[in-house]
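Down below are the structures I want you to see.
The following pair of complexes shares a single chain, chain A, combined with chain B in the former and chain C in the latter.
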Partner chain A sequence: MSDDSVKQRSLGRAVMDGLGSYWLSCLCLFVLFLLTIFGTLYQRENGLYAAQERYFNSWFLWMHFGDTAVPFAPSGVLAMSVLAVNLVVGGLVRLQIGARTLGVLVIHLGIAFLLIASLVKLRSSDEGHLQLFEGEQSGHFTSYYDWEVAVWRVDGMPGGAAEEAVVDNQFLTDLVDGRKRTFTLPGVPFELELSNYLPNCDPLPKGPNWTAASPVVDGYALLERSPAKQAEANSAGLFARALVDGKAQESILWGGPSLPWTLEAGGHTWAVALRHTRFPMPFEIRLDDFQKEDHPGTGLAKSYRSYVYKVEGDGEERILIQMNEPLRSEGLVLFQSSWGPQNARPGEPLFSGFSVVRNPSDKWPEIALWVITAGMAYDFGSKLLRFLIRMTRQGAARAGGAA
Partner chain B sequence: MSETFYPRLGPLGVAALLLLGACAPPDHVEVTHTRTVNETDRAVPGVSMGDRFGRQMGPASAPQPGGESLGDALRKHLRWDVPKGWEELEAGGMRLASLRPAGDADADCSLIILEGQAGGLLGNVNRWRGQLGLPDLAMDEVMALPSLEMLGAEGLYCDFTGTYTGMGGQARENWRMLGVILANDDAMLFMKMTGPADLLEAERARFEGLCGSLRLDMDDAPPASAPSQGGGAGPLTYDVPAGWNDVGAKSMRAVNLTVGDSQCYVILLGGQAGGLLGNLNRWRGEVGLPDLVTSDLDELAKVRILGEDAPLLDVRGDYKGMGEGGGANYRLLGVPLIRDSVSVFVKMVGPEEQIEAQRAGFLAFVASLGEGR
Partner chain C sequence: MKTIARLVLPMIAGLAALAPTAAAQGASPHGSFAHAPGDGHDHGPVVRRTEPWSEAAKHAFAELPVQDGGRVKPMDSLAGLKLLTFNGKRSLKLADGSKLDHRAWMLDVLFFPEQAREYPCFRIQTDGVPVLIGIEPKKKRDWYSYDELLPGRQRLAEEARKLAGMENSQLSEVQRQTRKLASDLMAFESLLGTMDFARLEYATGGSEALREVYGEGPSTLSQVLAHGGELQRIFSSGALDGDEGDALRELSSQLGFVLDTSKFGVTMLPPPEGVVDTETWWTPGDVLQAGLFGAVQMDRQIQDVAHLERLEATKTDPAAFTAELEALRVSLREQAEARGEYGHIPLEVRLYDLDLFWRALYVFLVGFLCVVGTWLLPAAKLPRWGAWGFGILGFLMVATGIVLRCIIRERPPVVSLYDTILFVTACGVFVLLALEAMTRLRVALSLASLFGVAGMFLAGRYEVKEVASAGDTMASVIAVLDTNYYLAIHVTTVTLGYVGGLVAGLLAHAWIFGQLFGMGRRNPEAFRTLARMIYGVLCFCLFFAMFGTIMGGVWANDSWGRFWGWDPKENGALIICLWVLIVLHARLGGYIQDRGLAVMAVATGAVVSASWWGVNLLNVGLHSYGFTSGVALLLAGFWIVELLVMGISLVHYLVGRQDLPAEVAA
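Let's turn to the complex of A and B:
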């Protein structure tokens, strides 16, 4: 064997030993411990969403130098990814695989699978909500945090339907500090230029006592607000220009309760709206009956449940959704989560609120827990079995000696 | 606003990120797909910006009860105090008021209310500038002009100097114009003063005082100058809580009560006067608290006032109000009733321990308020 191949093997072995070492496990767990502490403190001042994004849903903690962000410490995703690799490498390579260690190996793999499930959820899931009054039907759910700009032709289709071209959230949130982005949209006879993204703002008549965070259009401009602690309460804003036949038409888009911007182009009226991202569902949900029971003598809900119709094509199925009994179908999970309006008077109609999640790894944590359970059962069981056998033998030996 | 783009990359991209620094999507994006939805958002072609966002400029634009327009309501109920040393002349033509420093024929101050957009904010500012031989301003330059509070709203405050030609008169050099415009979709209010530049410099504080004295008096009688006996001599009726003093209507205050070092008063303003959220946040700002957002409104307690539910703001902090003094560890109770016709603002402020002791009295006072004549 040559010296080079020996060196390569020793280097590879050193890397694998490092990746599978107890020290790395301890380091990852210590980093996660610190992230949990600092994330909890951060949440107090900045809200849950901001804390999750900064400390757990990112690869790094970022430090700002002017407008440039530089990573300075690992964040949750990196720490958990390294921990997953550490568990796999530690289990497969460092551990002497055999009947005695099989349970520990399975536990390692189960935990690693659990971490992978959380990464898949982070990268690939869609989360939002759906609110319906009785009789209402919807084929989409709405994001809590993300935004989209939708463009459609007004009265282009009968019955309120429309063919919408949509600009995703990822193309909006970096439009700050003078950055602009132009969009060409299918079937839309103008280019749309967006800029001046604000995560939370109000459109107000421009007064001299405040600085506009957007150009002034028809006397109105966007006033920047501090991000809300509850990020779902934010109302984003944008400045929009439509280039129609070489001429620019301008307006302000706002994600709060507002009407879309309308403009004439190509002989038709077009609507442009900034709104929370809408995720289409493969079926529609119609709320048939919402039931709420209050604690006696109070307006506090004791329990509430929704009977919905899952409408798909010409067929429909009546389904009960209530606490701990979500509707799982076609990759979606609909949880009963809220009701409102909270200040409704007796007899006034109520809406039912559902949290909706599209998560490819929805069942993976459950599988991982079963795997971990099996590994622990095997490991503890085999240890117990060996203990009992040893005790039996020792007892037999003592009995034989006494005789 | 400064926000940095955080790239979302896979594990391999992390290494590239470290080497290449931040990256971002391109500046031109071609969206290639559409989606068909059974029901989209309602769009109203041609709707104004204010209607799109559910907001109006200045006082509200809704017609007043009985079909009275906002302009008519203002003409009927608007009151002001003549500055010391000034005289009020007979107002003719479009003028609701005509005033000037006593005996000074060069100076002229007028109050005019016009229905509708009346040429708009930009058009009127540039019309005034044209009278002084000044070039037009762009909209963003107009919006950058200072403001002056008038009738509870921010009026655009113009201060221009040039060669005045007025409405076809002879040219007068080094002439100055002070003007405040309060704009609304349904009416515009113009308070304007012209005269020699040095004279207007000397009279500027009185002009601003005149603007600040504008108020709505829903009682057709002249504003009371002496303390009322309480209980509703003005547009409101009310019960004075035990131990409180009714010191009488004053300036913008339709009701003016005191107890210890605390004061409680009611202000009536035309229209929505800045709206519910704006007024709540103004009060919060007076004790150094951050703004609320719309979704926070549901969490505020409600009280009944004049037959309607209104939020009760109860906040503490170091108080710094509008000319009412202030101090540390103050508490502010506020009830804004926002209406399209006349909005009602009930506010009590004072040292925290006093307000705690008088809170029940405040709530009883709010509940006792009734519409007067």
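Let's turn to the complex of A and C:
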């Protein structure tokens, strides 16, 4: 065997030793421990969404020096990724399997499965909400945070149906610092140029006392606001320019309650709107009956439940959705999450709010839970047994000595 | 019928407004403060109680079912909880040095309100509040009577109104206390007004139309209600001129007064069949309101009102009063039983009578004295048996209390923060006694009593806080918690995780201080066993914390639509898991030995306290039912002490190394 191959093997071994070491486990766990503490404290002033983005959903923690952002510490994604590697190398690949380590192996398998479930959720899930008054029906749910620009023809469509062309959230959020992007959308007879994206803003008549964050259109411009503590309360905005037959038409698009921008192109009227991203559902939901029950003599909700019809084609099925008992169907899960208006007087109609999630790994954590628990029960149980045997022997030795 | 009601109620309200009530005093929960002197109604001469309430009367009173905070509970609980909220204790010390228990206090509030107003039952934690509302402050933390606070009542209401809608965390201590006092006074006024209806003589003899129905003399409310239909007819005839009008105005003023006072009192009357809301119990004022609508048959409720009137009439005759009270109890019991709401009333009275948790504190204290005896007389058996006996007895008392609370609520053992203290204490003592049974080192036995004392002391202190904020330690739960499956599994196991972390931390203290005082050198094998115990208890902690945390995610996935949301309470559970994993991996990797394990176990206790209490102080996230305040200083003090203990151990280690020969230290 040559010196080089020996060196290569020892280098590879050293890398594997390092990746699978207890030292690396402790480091990653400690980093996660600190991130969890600081991410929790950060929520108090900045809200949950900002804390998630900064401490858990990014690779690094960034420090800003003027306009320059510099990474200064690992964040959640990096720490969890390294921990996952460490877990696989140290806890699965290099673990010497035997009766004593069987429990540890099972625990690590369960945790690995849990991490995979998290990854699948992070990459492949859609989350949003659906709000219905009794009798209302919907075939889509709406994102809490993401935005899209939708373009549709408002005249001359058969039966009033409107086919929409959509610009997705990922093409909007980077349109800052003068960056702009032009879109040619299928079936739309004009080009749409978007710029000046603001995550939270208000359209106001432009006056002398404030600096506009967007070009002024018809005397109005966007005033940038600090991100809301509850990220779903943000109202995004951007500047839009449509190139129709070589001529530009401009507008401000705002995600708050507002009418869409309409323009004439190709002999038709078109609407353009900035709105929360909509996700289609494979079925429609109609709210039949919403019931809210308070603890007697108090305003404290004891329970609230919705009887809905799941409408699919010509068939419909009546289903009960209530707290802790969601509807799981065709990859979607609908949860009873809220009701309103909170200030409704007795007898006034109430709406029912559902959280809607499309998550391929929906039930995986439950499987991981039982795997981890089985591993811990075996490992810790056998440790306890050994301890008890040792104590019994010590007691017997003491008794013998005393005799 | 509804049309008549639409006519009658506004008319009474309007007439009542014209009448010389105390509306202008403007400070009570219902728009006017009806208990200020001169409320415009003749309540007769002020009657004072001249002899103590009999035990029989107090017992019958204790078992009256009432509805409060969304559940039916005994009057005994209501009285205790209200006095605890106002006063910080379930008993009251009067100016003459005598003591009044909560039942006697509540009886006085209902039947001798003028006297009860003189009791110093409002504890104000800072003299900033009296200064703010313009009354002469006493000592910094002192007790005030309602009459003493009355001159500042209006100002207090105005100050509290300014604070409406603000979170506790945004308020200064004076503001928090101001808000609490305003809320306490409103609750007290509601109680004071409960029996006001029974102290009035209703002017039903002043008009021809009324005389035709009610006869010549004045009537009681139950008599007025017995002819509710005729009264509606008279009111809706609208004759307001001359003597007829004056008579109607006087009667409507009295009825308006009752709607303004007794309607907000104790809800002690089960409603009749046929009303829209059959779940919510009624006050005497509710009976009047329903009587004016006249839409339902409510003979039983009118009989109950008559019972209450007879109680008021016989209050200075102990024997007659007790007999009436017993009769009322039997009547209300029958009605509550028919609704399936009486089942746990006697048990709840018994639970508070037994006072298991407070008594357990003393049992653990005696147990700890026995432990001290074992240190002084290691060979003597009696102190050891005493330590075991009192430790087990204390555990059984706390466990019994927990079981009784589970039966009463029909819930698993841990629902509120107060429950966690009881559960942690019982399980912590049990784990320590079990460890002692395994190891016979007398270390865990010593710590068991200490743990019990600390837990029961904390429970006693926190009970006041929870009652002040939630109104009860067995309060109704919000919709998301209405699942015994997840409550039983997730909350219980997470709390067992807390037990493991705290017990490991406590054992680690014993290890550190034992080493500091040289015991480790004299008995190294015992200290190795102690280190193994710490390790084992950390494994126990990890098992339950990990299971509970992931199970919490499974629950969140079923109720909120996501497994993990980095919510503060979730993060609190996670940091326990992460920290214990660090400790166990550091031990497996050989980076720490017994001392390092002990120091990190002490830190585990601090991490558990941050998860258990600290994250609740942030007041953010979805676990709003766990929010609390006012424990920050205590928590900070605990962390500082724990840091000191860790520092002491580190210094001891470094000093020990200096004393070693160079080659050994290296």
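Quick note on the criterion: the second predicted complex is superposed on the first by the 359 of 403 C-alpha atoms of A that agree within 3 Å, B and C clash if a C-alpha of one lies under 4 Å from a C-alpha of the other, contacts with A are read in each partner's own complex, and residues count from 1 in each chain.
One rule holds for everything that comes next: contacts are C-beta pairs under 8 Å (C-beta built on N, C-alpha and C of every residue); 3 or more make two chains touch, one makes a residue touch a chain.
Computed from a prediction, not measured in an experiment: that's the story for all the values here.
Engineer: Would you check which partner chain A:A242 touches, where first means chain B only, second means chain C only, and both and neither mean what they say?
Structural biologist: Touch partners of A:A242: none, neither chain B nor chain C.
Engineer: Counting touched residues of chain A, say whether chain B or chain C comes out ahead.
Structural biologist: B
Engineer: Have a look at where A:V89 lands relative to chain B and chain C in the superposition and call it first, second, both or neither.
Structural biologist: In the superposition, A:V89 touches no partner, neither chain B nor chain C.
Engineer: Once the shared chain is lined up, is A:M376 touching chain B (first), chain C (second), both, or neither of them?
Structural biologist: A:M376 contacts chain C only, not chain B.
Engineer: Which holds for A:L130: it touches chain B only (first), chain C only (second), both, or neither?
Structural biologist: neither
Engineer: Should A:L109 be classified as contacting the first partner (chain B), the second (chain C), both, or neither?
Structural biologist: It touches nothing on chain B or chain C.
Engineer: By the touch definition above, which chain A residues appear in both interfaces, chain B in one complex and chain C in the other?
Structural biologist: After superposing on chain A, no chain A residue contacts both chain B and chain C.
Engineer: Considering only the defined contacts, which chain A positions touch chain C in the complex?
Structural biologist: 21-23, 25-26, 29-30, 32-33, 36-37, 39-41, 43-44, 47-48, 51-52, 55-56, 114, 117-118, 121, 127, 294-298, 300-304, 323-326, 333, 335, 337, 355-357, 362, 365-366, 368-369, 372-373, 376-377, 380, 383-384, 387-388, 390-391, 394-395
Engineer: Could you please specify the touching residues of chain B with respect to chain A in the complex?
Structural biologist: 1-6, 8-11, 14, 17-18, 21-22, 24-58, 121, 139-140, 143-147, 154, 156-157, 183, 290-291, 293-296, 298
Engineer: Can you check the complex and tell me which residues of chain C touch chain A?
Structural biologist: 67-71, 267, 277, 279-281, 438-440, 476, 478-480, 482-483, 486, 525, 529, 532, 536, 539-540, 542-543, 546-547, 550-551, 553-555, 557-568, 571-572, 574-575, 578-579, 581-582, 585-586, 588-591, 610, 615, 618-621
Engineer: For chain A, which residues count as touching chain B in their complex?
Structural biologist: Within the complex, chain A touches chain B at residues 58-59, 62, 64, 67-69, 71, 78, 81, 123, 139-140, 150, 152, 154, 157, 159-167, 170-171, 173-174, 176-177, 179-187, 197-200, 203-209, 212-213, 215-221, 224-226, 228, 230, 233, 235, 251-252, 254, 256-262, 269, 271, 273, 275, 278, 280, 284, 342-343.
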